[in-house]
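Several structures are given next for inspection.
Below are two complexes that have subunit A in common, paired first with subunit B and then with subunit C.
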Partner chain A sequence: MNHGLRSSCLLGSLVAVVTLGCDFQTPEFHLNMVQMVSDATPTPKPYQEQIADVLGGMFGTPDEPFALPETGLDIRRLKMAAGPAWTDEKGAAFGLYRQHCSHCHGIDGDGQGPTALFLNPYPRDYRQGVYKFKSTYNPAKPTDEDLHRVLVNGIPGSAMPSFSLLASAEIEALIEYVKYLSMRGQMETALTNYVYNDLGEEEVLDENGDPVLNEDGEPKTELIPLDPENDEEQRAAITEMLAEIVEGWNEANEQIIVPTEEDIPTDVTDMKKFAESAAKGRELFYGTRANCVKCHGPTGLGDGQQDDYDIWNKAHLQFLESVANDSGEPQFASIREEVAESLYPVRNAIPRNLRLGVYRGGNRRIDIFWRIYAGIAGTPMPGSGPASPGAQGTLTEEEMWNIVDYVLSLPYEDASQPQKALPINVELVN
Partner chain B sequence: MTTSRTTRNSIVHLWAWGLACATFPLIWWGGLVTTTGAGMAFRDWFTSDGYLMPFYPWLNSTGEKFIEHGHRLLGMIVGLQAIGLVGITWKKEPRNWVRMFSVAILIGVILQGTLGGMRVVFDERTLALIHGCTGPLFFAMCVAMVVFTSRWWRDTQANSEFQSSSQQMKYFRLAILTTILAYLQLVVGAVVRHSPHLTHQSASAMFQAAVYLHILLAFAIIVHGLLLLWQASRCHFPTERCWFLAILIGMQIVLGASTWIVKYGLPRWASQTFGELTVANTADNAFQAIIVTSHVAVGSLILVTALAIALRTARQLSFGVFAVDSAPSRLGAVL
Partner chain C sequence: MRNTYAVPLASLLSLVVTCQINAADWGSLKGKFLVEGSTGDPAPINVNKDTEFCGKHDLVDETIVVGDNGELANVIVYIYTKRGQSLDVHPDYEATATEPVVLDNKGCRFDPHVIAVRTNQPLEIRNDDSGIGHNTNASFVANPGFNEMVTNDSPITKTLQKAEPVPAPVACNVHPWMKAYAVVREDPYVAISDENGEFTIENIPAGQHEFIFWHEAKGNMRDLKLKDGKTDRKGRAKLKIAPGETLDLGEIKVPAKALGK
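Our next item is the complex of A and B:
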């Protein structure tokens, strides 16, 4: 082989390697495959494609986001947050989600970005629209202010950093994009349920309206297509689904938990009053009504019940168990196993060690009050206040403030006094 | 005549030093570009927002544009130095293979610059990853040039009294292996840095594999660094460089762990053992940028230190490429 030919081959190979390694494809959103092949809503391939098409029409792509006016989302902010990262001539940054968030939260917002496996806890999956640290009632969506607070403060004790150095316009763009990903994910769930419950197979009829028979003499069936563009009824149903989703987000500001003025301890610098309040809180902590001790443990070290799961891990656990027990319908068997293998290991929801003085949702008194009042959405932490405005709670607001005071005093209480910390049960905890 | 040649060669040597000293900041500034995500601060290249590189108002710029354009300017300076090196080497250096090597350095800097430019033009992370891998390789070439043009190199050639013993050969092999491992570690490190920002579905698998390999290679480099130190003492070779390498490796381990913590917090096993961090990291703050970028910079220093040890040992043993007469074969082996 002469030198020229050898060099050409070498160069060709190099170019081929670089080209194959390059990622010139346009990024796409992916469907929630756990949902698509679960026992609850097994969705045939043609429907998966149709759902992806409908979602594409309603929300666009990661590079070209789109939002219907009904969503109330600001398209300019979405365009600032979406797409590849770059800066314009005036120094305005674009592609903020790709630069700051997607490596952990994933391009779909599924919480399964490339780094997620190594993070503790796993990054949030936005697609259910469930957020932990917020000022609203448990089932309600977070307000923009709640999302802003998490972005600016970060979540201490987790991998979520503070983005306080970003410009406020950039933070707002990211909030808008997170809501967009949530709405898109919620819409996907709604469409999957709609397809499963309202569409499905129908008999094929001939010109006279009689059933067409197959080779076995059975009526031939076909899937009713999901085609809202040409089907008025489907379009109306999808519009209604979207309105319901958007309503949840729009109502968030009306769902903020506002403490009753007279129950808020006015003078927290009075140590005597604080000690009295904390003592009452301690009784509640160990009592059966609040029953904090069940999970946070007798020492508050988070060494109580540790074998429960949050909703995100529970969904994966249930799916993995269903795959292990039954491969499902033949058309889904292989894909179910593939999806099961792609999931990260399921982890338990470990209750907070309250003696560290590190509170993931914020360390202000009001932050801890909200946690006790509404619980932490998506986790086993229940709320002690009413689940919605006007409902009845387990504790009064004054009692919840007492627990706030006790929780704030816990880092300074001698841990060996009440009881030695229980070891983590390694057989139960994943 | 001897004095004249020595003077001429020392100019080449000084120029090579200048090039290596300019390339090191270029490497860590490049690391800073990745750390701060400033790679796409401009969407054009060879120009910056339409300005020809030297005419962009760099000192009036801030943030990502300041960082990215600073990297471009440093690259330009290194490019000019590489051109100067070829000129001086061809004029003053009698050894043909060293002249050829200076040309290889010039080709290296052109390719590296073009790769960086293509990363911008195509907005392609994979090219950024490759650019990050080839940068230290170019730095290694510059340092090799410093070693080749040193007076020590010439004197050792004239007065070589070293005999290759099996222990010395072991030392040489260890030095070569450490250099290879250090470079592999930089490649894997580049994958760790860039793969989270890739958008295809295999990015997760790439990142996970790279993290495990990065840790494994770190252990391998620690072991090789210590073995090198031990073997140098046994062979009665100077140990200063080996100590320097060992200190760099020690620093790098601390920086590596710190890099992970400032970017991703404590891993689960660590927070269960040592407790959680009490504060949230702040994305893109100066502390994070310094830690992460220092990790990149020290990595490239480890590579060139190991390479310098390997080249000097090869010279002392009159081994392999440096005992071969033919210039092309010497150059090929060096490359």
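Our next item is the complex of A and C:
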């Protein structure tokens, strides 16, 4: 128990707004405030509270997680992962997420834990349910196996370490908890959109059904409460939204990209074949169909297109720009400023330096094949294969394998022609 | 006894008559957007990719497209539908329901800048820039997004299953200045104001609808003054479409400030 108390104390003291001393507050989930006060879905305070209540009812708290049966989440695993870190008499560990993950990924899974500011790349924000390193088509969710691979192998080139020393039951519990945080975050977005689109102000009517007027002679309005417990229509809508979210996760296994056996062109032990394939890959790399050169640069150092963003940073950038240009409706003006100040500096999406031989999503040929085929979800990297099962892709599988071979050959340049180092653009990399 | 039959017969007759005049149970909406004040000249694009090809097109920022006399293009007008609600669709729209909507990568910009596509209507994405590689990256709320390479002579075709609550941004990451918006609705009642600032939505089911006014610069156009009243904080206004008539909103003044200028 001691351990849990200490870590939550540490968390508390690192958060910018601190009361004096350490008050051992029970951790709570927070709303995605960028979303709440964005231009797209400005959400009045009473709705923010109602959304938090509905989420609390559906998902519980960081100490007492809950999952509706239709989520398919294993509550036993969630309980192992949630809450303060402690060990029972037999040595079984609990509170795994708080012990291993929350300092970077945050209690909410928002990727804004206390250490996140010091990391580059920033830790993943799970709340959009978008993951980069996976075996599935671009818009599809990762499979459990994909998440498992990231947890066990870590992400080379980032601060994400390997958790291969954890017992497999502990890894399973963490995978379940990450999915839980994603579903919760996706539900929050769905509720925010629902409230904005379908609820809102309605005219107050008197007993005769006539509008009640305010002092200015205009119809008086009030907010239609988000109250699924008492409103059947809302309950049905929310049930449907949850079903859509869960379906996305459930169908991940049907969205796996399985390469066609006969298109795998090279036998890596045959250097001549490999060189032939890599040469074809090189043509494609520089050609307009694959167009790798535009971002990864003519040298493959990742020094091409550098002024773009991933979806996580772009959302923050757009929010910051909107706050700078417009205070929004008066009811949101001060909170918008506060939220803008709380965000970490926005970072560009820097294309991978392919000369290093460090591949964040794994260095097996299949890993690189998946990246080229589906692109990297949430980033500027587009897919060159079919976008969904049965669709038409830009490149054939054989061509994509050729690029895999070329990419794999890049770090092993000829000694006679060493590449220059990547020019550092301080402004962009910050 | 006779008399008691007379009333139902008369109402039955009137029912028949209503059925026959059903064709007139549709109305239209039109208007013209004019900017009040100056939005300034659109900023030229800093073409730093494929400079040789893209540089010759004199590209400018297309966030706000205004004519010589303030005509505001690319204002999107569509009808709010509650979750699960659908509108009746006039038979005239049937012919276009399956006609592909084309979004072209042309001259290092998206052409057109705003597209309206119905659910299940094919969306064809082309690349007519010879020798130039583009990707098309669409971010949706309700539909799965996509981010794919698009090459010359091999367009990609998408169909979207669900209506999007707001216009969805489309980008090309190779040329980050390239932006477009896709309005995805179940019904065909979407208008995009043209270069004269004018828009028309035809054959809307008669009755009161909540119309949404949206522009790229600031999203929902709140407090937009209309003939009677104004749009609310979500850029929506309840308007009554009379059967067989066109509701003309006339000139709708959009202050430059409301576009962030």
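Everything that follows uses one rule, which is that the second predicted complex is superposed on the first by the 392 of 430 C-alpha atoms of A that agree within 3 Å, B and C clash if a C-alpha of one lies under 4 Å from a C-alpha of the other, contacts with A are read in each partner's own complex, and residues count from 1 in each chain.
What we mean here is this: a contact is a pair of C-beta atoms (placed from the backbone, for glycine too) under 8 Å apart; a residue touches a chain by one contact, two chains touch by 3 or more.
In this text the structure is predicted, and so the values were computed from the model without any measurement.
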Is A:E201 touching anything from subunit B or subunit C once the two structures are fitted on A? First, second, both or neither.
second
Should A:L356 be classified as contacting the first partner (subunit B), the second (subunit C), both, or neither?
first
Q) Can A:D39 be said to touch subunit B (first), subunit C (second), both, or neither? A) second
Discussion item. Just checking: does A:P259 make contact with subunit B only, subunit C only, both, or neither of them? Give me first, second, both or neither.
Written reply: neither
For this session: Have a look at where A:G113 lands relative to subunit B and subunit C in the superposition and call it first, second, both or neither.
Result: first
Message = Touch test for A:D307: subunit B only (first), subunit C only (second), both, or neither?
response = second
| Which partner does A:N138 contact after superposing on A: first (subunit B), second (subunit C), both, neither? | second
Subunit A contact set shared between subunit B and subunit C covers none
Residue positions on subunit B within touch of subunit A in the complex are 37-43, 49, 62-65, 122-127, 130, 195-201, 203-204, 206-208, 211, 264-268, 271-272, 275-285
In the complex, the residues of subunit A that touch subunit C are 39-40, 42, 138-140, 193-194, 196-198, 200-201, 237, 287-291, 294-295, 305, 307-308, 311, 325-326, 329, 375, 377, 380-384, 387-388, 391-395
The subunit C residues in contact with subunit A across the complex are 49, 80, 82-84, 131-133, 135-137, 139, 141, 144-152, 154, 156-158, 165-166, 173-174, 176, 218-220, 222, 232-234, 260
In their shared complex, subunit B is touched by residues of subunit A numbered 18, 21-25, 27, 30, 62, 84-87, 89, 91, 93, 95, 98-100, 102-104, 107, 112-120, 153-166, 353, 356-358, 424
